[in-house]
Amino acid sequence: QQNGVKIGVSAPISGDIAALGQSTKNAVLLAQEEINAKGGIDIGGKKQKVTFIIEDDENKPESAATVFQKMINQDKVVAIIGSQSSKCSNAGAPIAEAAGVPQISPWSTNPNVTKDKKFVFRACFIDPFQGKAVAGFARGKMKAQTAAVLYDVASDYNKGIAEVFRDEFTKAGGKIVGFETYNTNDKDFSAQLSKIKGASPDVLFLPNYFNDVPLQVQQARKLGMTCKFIGSDGWDNQELIKMGGKDMEGSFFSNHYSPDVDRPASKTFIANYTKKFNTQVDAAAALTYDSVYILVKAIEKAGKLDPKAIRDAIANTKDFDGATGAITFNGSGDPVKGAVMIRIDNGKFVFDSAVN
Amino acid sequence: MADQQGKTLVRFRNIAIATILVATLVQFLGNVGLFNNYYLHILTVIGINIILVASLNLVNGYLGEFALGHAGFMAVGAYVAALIALKIPLPALVRLPLSLLGGVVAAGVIGYLVGRVTFKTVGDYLAIITLGFNMIIVNAIQNIDYLGGPRGLTAIPKGTNLVTVAVCTVITYWILRNLVDSVYGRMWLCIRENAIAGELIGIDVNKVKNLAFTIAAAFAGLAGGLYAQYQQFITPKSFDYLKTTDILVMLYLGGMGSLSGSILGVVAYTVLMELLRNVLGMVAPQLADLRMLISPLILVLIMLTRQYGLMGNREWRWLLPDRKQAEGGDA
Amino acid sequence: MIATAIQQLLNAAQLGAVYALIALGYTMVYGTIRLINFAHGDIFMLGGFVGFLLVSVIPGLPVAVMIPLAMFITAMIGVMIERVAYRKLRNAQRMSLVITALGVGIFLENLVRILVGPQARQIPAQLPNKVLKLGGGVVITEDKILVILISLALMVILWVFVNRTLIGTAMRAVADNRDAVQLMGVNLNLIIATTFAVGSALAAAGGIFFGQAYSIDPYMGIDLGWKAFIAAVIGGIGSIEGAVIGSFLLAGVEVLTVAYLSSNLKNGIAFGLLIILLLIRPNGIMGRAELKKV
Amino acid sequence: MLKIENLTRSFGGLTAVDDLSLHLETGDIQGIIGPNGAGKTTAFNLITGIYRPDQGRILLDGQDLSGLTSDVISRRGIARTFQNIRLFGKMTVWDNIITAFHQRMGHGFWDAVFHLPLFKSREREVCKESLAFLERFGLAERRNELAENLPYGEQRRLEIARALATNPRVLLLDEPAAGMNPTEVEGLIGLIRDIHREFDLSILLIEHHMPVVLKLCNRVQVMDFGRTIAAGDPHEVTGDPVVIKAYLGDEEDGL
Amino acid sequence: MSILEIKGLSVSYGAIKALEGIDLRIEEGEIVSLLGANGAGKTTALRAISRLLPIQGGDILFQGKSITQVPVHGVVSLGIAHVPEGRGVFPSLTVQENLKLGTWANKRKSAIPDLRQEVYRIFPRLEERKTQLAGTLSGGEQQMLALGRAMMTDCRVMLLDEPSMGLSPLFVKEVFRVIKEINATKGTTILLVEQNANMALKIAHRGYVLETGNIVLEGTSKDLAHDPRVKEAYLGHQ
């Protein structure tokens, strides 16, 4: 058997979420460097260098399918990290499943991705979990009586969380006074916000990505809205603060990890990443990094480059100590994993509380 | 005119049979692991895209209109076929043809209705209306929870492989070629060349236009149905105007008003994109960045050197009916 | 109720103004060489980034210098694109040019993504952007008033330029008959270059305002470009005033759909209405019926 | 055969055709002459349904055509050529003619989709017929060339051939001799005379070349500012001082 | 020195040779007619002179200087106006705007009002229709506009491609009268392509006959008018 382990990475290098593709690539390259610096992956006592094949799936399902086919059949990868968006992972999953190649998506939170699949895993929690966590937080700690939601209706992630939040918030005795949508790439939300303003909610839930959220928050403030803002893991990127500035202060969002939490695994990752790429860590990077190490650990545990064995090893991962916290797979593709609530304080993401 | 009387082996029927046979062989080899499944996949995608592009060629090439909503009809076909496959318990042998037929009919009907409205305008106004319908269709799917909304439909039974795609592509081509080489095809060309003169030789321009539009939509529906049951997952965003522009690029790259061009355009574009992927990937993973930078450059270069696309207004001889071949049609 | 309605109309006005800034350039180019310049949205994006880079590289550069400078640079890029990618195809069939323009657009998007990065950015606000309270809870910011006024002013200036000056007349003549226009002694290349320069400069101004009021990212031009294209067509493509009217109309329909119908169905309803409009006026609002002289 | 009653059409403030009446008897070759901008082409456009009349009626064999669309009118038996030639430029000469035969295909849609035997035999048939047609017009040699590449004179002939291929009873010719030199015009006169006989046509003809009118027409009608200012026997009409003043100019051209 | 001299001019469209090395010479102040059957290459010759077509060989001299390297708009600036076949008016511009564009290359801006008056005097119909879109003018009206527009350039040489096509007999006479007038009063040199050979030979000083890309005859108008070959091929049997 020739030397070297090949792992495929399907990432949105170009296209509408290229910023996440960048983080994905960074995290993978960091992990590759670390692993190879230590001589490689220890397989049955023999160290083998690892190579990541990073392909651009353009955040399009068709391209993701092609990328998966190429990596599996042409590059003969032992496993695949990716893709980020659920729609791409969904397109890749049947291919990985059919070929019997383990797939770990860092950040596909749509419940469907792993459904009925043996070889498909993810490193993140799923939308319903997060929606519920945020709803609980809004009702509990924030004591919100009324809430409004503004979300991207064309995007599965945003819509998924928004709907769970609506249901859970109502179940917990709150009242949803506005449930407004926009379309991917819209930049002007004043129409929706003006409408929401009329209902004066206590909190406005924005389960959207970090490039939209600052605009939404700025525009809300400029319209004279005084409510609090709350969001989801899509917020996790320094751009949020760079663009949103002081308007973001005092807002909360749920996330997979917290940069200031006292966990060595998180701390070293964040330090190394920041040093190497001179940019802040975000959820895409952290989750990708964890996905890589979940896989590497599983390969080491399997002790051989056999997909089936690797798959079983992933499924049996227990208390993996990752940058985004402890991860356990109870045999299914979805990890048991907690969320944290982050507060934005003086332009920093600060740990607020943990949700399990 | 090297070939005499069209009695060569290179004829549509023979090529069609050969295509299906080769596809079957390749699929079989792929299944047993003797043929790279990545190539198998590329071939399948090419087949589906050829159906899409060739059908749009009816409207944008032969009819000379500028329709911008083809992906919308693909969506209709994909969703209807997917629903039939998902929700109606059918034996696999019946499921595929029935679901495809459902997709074709649904897309055709929607296409007919859209066409009725659309052909009150021409030119860029028509472009906007078709684009508008594309957006409306996508927007509607996003809002229908039964269709999965933005999450799309997963776990669609796998009904498509290279063989079914090859059969469908061949049938599509046979029908399209037959139509183009008939009074209908000639009427489409007339309308493209001079609609007023066409009307004055008695052509009911709107009716004939809508015929082309309906047929194109129906075949887009076929492509959609194949796609849904090949990928096993569909989401509304796969059918937005970005998809439409992809189809347009392949169409005009191949050349308008040429069914041969539609094949070439799809093959050239797909192979180019995959070659770039492989070449860049071989050098370094960082270069994956450059793929979308280099490919448009190549596209522009090709258009600059071949103004009419690769095959504009010309056909391969074998695509022509024997009668035309005998008369010495195009190269 | 009334206050909300007024607020929504103001919202529509500012969105319309943004569409108008792009649609004007679209219509300029279209009105001259009948090219649906699918790269125009990306020039708009590029203009925004040129402004962003100017501000980043030369901190403290006053707006009064930055905007004209960015407009100039973008205009030159527009002219260059025409020279390299379009000129050779000028006499080819129209669709070849459309595809080339699409290619140029994709190229620009990815170029900016690679050179500047894929993140969204905001151009640090240099225009006055205080919030003005108009009473009854109705608010607007100064920069948005500015954008609305500028887009209207540009429309007037452009209208005069295209309809009342000799160069403008030549531009319209180019659309009619390219050979004959040269036989008048008009330098065709110069006229077309001017068109691209003006169109690109306008787009740059639009991109910068947009980058201050909202944000810019490498792919922003795709959607906005389509919207502006739609607005230009609805207004009657080739018509300056039509582009502006179409932009405000599109924005109005979008905003009012959100405000009074359903934000879920925004695209669906907005496009439905626009289609109906085009069926009633098949040549757009200000468009002239095709001359059907036989 | 073709009867026009009080036809009127204006554009904006301009009345291009004003209360025009005209009778074309079976077998007639009738001329319409008149100054530039008199409304001759507009009259043709009204007859062929390109414009709708503001007032008046157009009757073909007693049936009212006004308000019908061009394609229906064509199928009722009126064909025309255009002042600015309108061929299907990127189609071959042959296909220009075959297409004009579309009414006579006599097969259905599905025959075409599947190229069923009926389609094939009809198609062969029509190819043969159209080839004969081309031969009749001396264009058979050129059949595989694109129409737009033909020289001007042949384009004119092809346009006439295409119009005849729709099997009309009435043929409208809009300045068929434009751009031809006197010798070529003579050839054209011969052609029109022949087709008139062979195809059993009634012809209405707009022309500025007086020889054409004088040699072919049994009647002319003179229009000016949309109105008829004279009508009758060509030789008489062209002697009418009103017509000379408005249209023909003085005998000697004073050059 | 001739004002316009063409030496061995060859032009092809792809594989089709339209002109196979023709020679023409036009003196200042002359009216020269160029006769030929349909497809002989007359239009091609004019388009080559005004540089709308690339040439494959030969030279074009204006006042002794080669203009083969001058762009189309430069040729106009030198003082050569070309009224193209089919008139080439700008359909979506008004009559007025069409005339205005004619002044683009006119260097004597002060003369423009007078020129306009003159055009309106010769073609009163144009003044009546000042604000009408050129595309809706009748064929004859468009021809007037094209001629008027060329006059606005204040040129020294006018290339006219079938100016009488589609005009009423009265107007044909009028157009020829105007051409003669322009030539006589302003000394404008005119190269006239015409199918109406009778008329053309009446007003022209000299003429050339073009057949399938070659000059086959040249001479004074009188000689040509009596040449049996010309009579047979171009003048018809009157």
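As written, the chains take the letters A, B, C, D and E, and residue 1 is the first residue of each chain.
Operating definition for what follows: contacts are C-beta pairs under 8 Å (C-beta built on N, C-alpha and C of every residue); 3 or more make two chains touch, one makes a residue touch a chain.
Being a predicted model, the structure only gives us computed values, none of them experimental.
Touch-path distance (fewest steps) from chain A to chain E is 2. With centres computed as the average of Cα coordinates, no chain lies farther from chain C than D. Taking each chain's centre as the mean of its C-alpha atoms, chain A lies 36 Å from chain C.
Here the spacing of chain B and chain C, counted between their Cα centres, is 32 Å.
If you average the Cα atoms of chain C and of chain D, the two centres end up 47 Å apart.
Note: centroid distance chain B to chain E, computed from Cα atoms, is 50 Å. For chain A, the set of residues that touch two or more other chains comprises 14, 153, 183. Chain E has residues 136 in contact with two or more other chains. Shown for chain D are the residues that touch two or more other chains, namely 41, 50, 82-84, 86. Residues 36, 38, 85, 88-89, 92-93, 95-96, 98-100, 102-107, 109-111, 114, 222, 226, 229-230, 233-234, 237, 264-268, 271-272, 274-275, 278-279, 282-284, 290, 292, 294 of chain C are the ones that touch chain B when the two sit in their complex.
Only residues 60, 66, 117, 120-125, 127-129, 131-133, 135-136, 138-140, 142-143, 196, 241-242, 245, 248-249, 252-253, 256, 289-290, 292-293, 295-297, 299-300, 303-304, 307-309, 312 of chain B touch chain C when the two sit together in their complex. By the touch rule above, chain E contacts chain C in their complex via residues 50, 52, 71-73, 76-77, 81-82, 84, 88-93, 97, 100-105, 133, 135-136, 149, 153.
Within the complex formed with chain E, the residues of chain D that make contact are 11, 33-38, 41, 83-84, 151-154, 175, 178-186, 208, 210-211, 246-249, 253-255.
Those residues of chain A that touch chain C in the complex are listed here as 14-16, 18-19, 21-22, 153, 180-183, 185-188, 190-192, 194-195, 197-198, 211, 214-215, 222-224, 239, 243.
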